[in-house]
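Think of it as A, B and C in the order they're written, each chain with its own count starting at 1.
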């Protein structure tokens, strides 16, 4: 295959060739980096919450009067929820996992806030809390009913002598050691014993505590005149039971109202939505860029073929076969696309580097670059395939026609 | 009308220097019908390009209708081409996606004429060449002879002082060629200067003067030839192959 | 002449319908993507009170935990927390520095006793001082704010948002009527008009994309009723906080403060006031962290609080990359088309067109393309924004985002028109440059 006529044809229309190469380069840079980011977002969404959020829901209750008795109200509400068909377990909670509703705090290894510490969400609940959360104990034991403290109104900062922590929290406090039975201290230097360790699940999000760091407290909330009810249902029934519960509870007690009520799935979707939207946007725009680039190659090649019919006719007249004409145009296109891919690799790496610097994203995985190069090379050539074939059907007689 | 004195044009590439015109001198008086003939490569095309202000020249003087063209800017040359010269090419050079009316219209547009005046001129020009009924047709719907006649109409629509014709009959059969030449004579009789470039000696004989170019130089003109007058009528049939 | 050029342009488009469609379509897509991204970005990073940007200041002092292992912001340990403790807020609020000031917190609220509403309505309440409304240019539909005396009382007065008033009173003028707020009878003194600053710059301690609170009462009702704040509240220190009294005497921070300081002099005075307060408290054993008192204006406040997500900035750059691809595409196609049409251009030159006229003729073609692309792009952009609205409304922290932003649209259209014209300049100029004789040699 003689490459010189191909090169000379390209050099004749240098600017046009460079423009197409630039398009390919930008398309490659976008494809590679967008794919990388999308992959990351998907991974983030797929991160396990440690909860069966599709079978759980939360109801937030608030008293309507200043002398609202949260304790007895919560007791009644939880009792009702536990009695419902299809409910596996229900418990009061001070924090709704997967949301910002709740509180967090710090545990210290030594009194006076010395010796190291870890921050985690504070999840106050009763002895059925673990079951409701679906949290699996891997060491120690659950709270006993007698250990649960019921907070009266205004009881803001009650001491708890024992807590259960997640694995991550345990590891954060006692890396490499067994946290079970250890004593830690709260802000007020009160000693707290870790009586149980559960498998990781996500607690409060958005307010500075690492998501898997959770401290479970044996407390029924009520100090603020509001509380949450966490409910776990049989598989697939969360939505339905939530509606039923809402209807009943709304009417059953005039001293309090339902603040809000959602499945935990809803909260997970909320958490994911920014990443999901970003991924969608990236995919759409990348697809469009690829489409435009390919259409551009297709259109331009078709146009060029129709402009150069005389040249093609001449080629055929001097003995080129149809195959040779096709190869000529495909080779022209391959050189342009190849040039574009080359430039694009540098561009992609540059953009990837810049993204990691500016926005703290991890460094671009070269695997993505390789796949991107392959994709762009293939579709870039495919786009010119049909016009190149059309070129082959130009009759040799065109060479001699002048008008 | 057209006065060239010692005009030279050299084409230079990295390897070769081609003297397309050497000390070329020519004077064409207003109203004359002159043929410039010579073999291929003699410089006829270069002469035409220079005469038509399509190319610049290196040395010498060229006066067109009294004006020294070497001092003119590109804009001024364009204006001169537009107002003073009418071109007729061998391959007609009509714009394929404009209809006949619009094709004749092209040079008039660059003169910023009002629509009414343009319309009058176009209609008159097309009537002269016998194609007024085909105004809305596209060039592809006309025969070669008819297309060239449209090109002639385009050339005369602006009442140019000079018509430059480059092998106007080169792409036509003998019948159509005769029609075109008759038309040119008719135009010349109406007062327009015509310079015809050709390699066909038969064609050259129909002019009043024949200038012979070889290798960029003028070999003197042949004596004027008796002009015969011909009555011409054009039928408006589709093939346009009838005359007389 | 222009009309002639446009006629020639249309002719040219009809000659290559596929390529013309590709060019117009690509430009339109590029522009619409930019419009959507620009609008979203602008809305998300815009300053909803930009006209007062040099006048409103967030007041922050740093009384946080001095232990270096325990900064308030773990990723920015040098930064002061956004809120103040009760003690500090009260002191600063009562400063004699002229100029309006406001302190605020969020309380839990339950509204009842409105005619026609049998079920009590829960309402997060903005407990604040009377200057809130004038400082933040909050529009009123009926009535107005309470006055300074009501702040001191505190008087049982309340301001409702438009939505709350619609729900409780059917949108009628309810000024003068009463409702029960947390069981106490409050008199309505004002009803707000539509007001939704995005982001909610004055209170970003919970999501910056939430709506303003539905009801407003004087700040002192919190202490009066011993109601714990329902928003973001953070504490440190070893002293136990078991009662409300202890709470408001502690280092717990739960109050945001803003000051209106129109002149540099006022700002300097306020800063000096804060600094001398810091010094005296420091001597008494408080404010153990290095002095960190700030007056931050809104634009900086938004930036510091990281309100513009990096996502939207990435998307903005992506949109422009897309537009660039579309424009390069267009240049390439135009170049090819114009070069192919060069013989015709040469012919026109021979017939008397000047270089400028050839250039203008082709520029007209480019301009027509750009107008067509921009118009289509605008339509697509509107559709795209509707889709984005649906996407965001279904979830995510940004709630009901993406109102059509006229400034951004004008910007995007100007960008599109100019960039398309610029893209076409090179091809149009190239055609005009070619010598006419080049394309007329018939042999």
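Here is the rule we go by: a residue touches a chain if its C-beta (ideal position, glycine included) is under 8 Å from a C-beta of that chain, and two chains touch if they have at least 3 such contacts.
Quantities reported herein were computed from a predicted structural model and do not represent experimental measurements.
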| item | value |
| --- | --- |
| Dominant interface by contact count, named by its two chains | A-C |
| Most widely separated chain from subunit B, with each centre as the mean of CA atoms | A |
| Chain nearest the global centroid, as defined over all protein CA atoms shown | C |
| Whole-Å gap separating subunit B and subunit C, where each centre is the average of the chain's CA atoms | 69 |
| Length of the line joining the C-alpha centres of subunit A and subunit B, rounded to whole Å | 74 |
| Between subunit A and subunit C, centroid-to-centroid distance (C-alpha), Å | 25 |
| Junction residues of subunit C - those touching two or more other chains | 442 |
| Sequence positions of subunit A contacting 2 or more other chains | 402 |
| Residues of subunit B touching at least two other chains | 91 |
| Residue ranges of subunit B touching subunit C (in the complex, touch as defined) | 40, 45, 49, 52, 54-55, 74-75, 78-79, 81-83, 87, 89-91, 93, 95, 97-98, 106-107, 109-112, 154, 166-167, 170 |
| Residues of subunit C touching subunit B in the complex | 1, 4, 11, 14-15, 344, 347-357, 435-437, 440-443 |
| Of all residues in subunit A, those that touch subunit C in their complex | 13, 15-16, 19-20, 22-23, 26-27, 29-30, 34, 37, 62-66, 100, 106, 112-113, 116-117, 154-158, 187-189, 206-208, 223-226, 250, 257, 259, 269-270, 273-274, 277-278, 280-282, 285, 288-289, 292-293, 295-296, 299-300, 302-304, 307, 355, 358-360, 402 |
| Partner subunit A, residues of subunit C touching it in the complex | 16, 18-19, 22, 26, 29, 33, 65, 67, 69-70, 73-74, 108, 110, 112, 119-122, 182-184, 206-207, 225-226, 228, 230, 232, 235-244, 247, 309-311, 313-315, 318-319, 321-322, 324-326, 328-329, 331-333, 335-337, 339-340, 391-392, 394-398, 426, 442 |
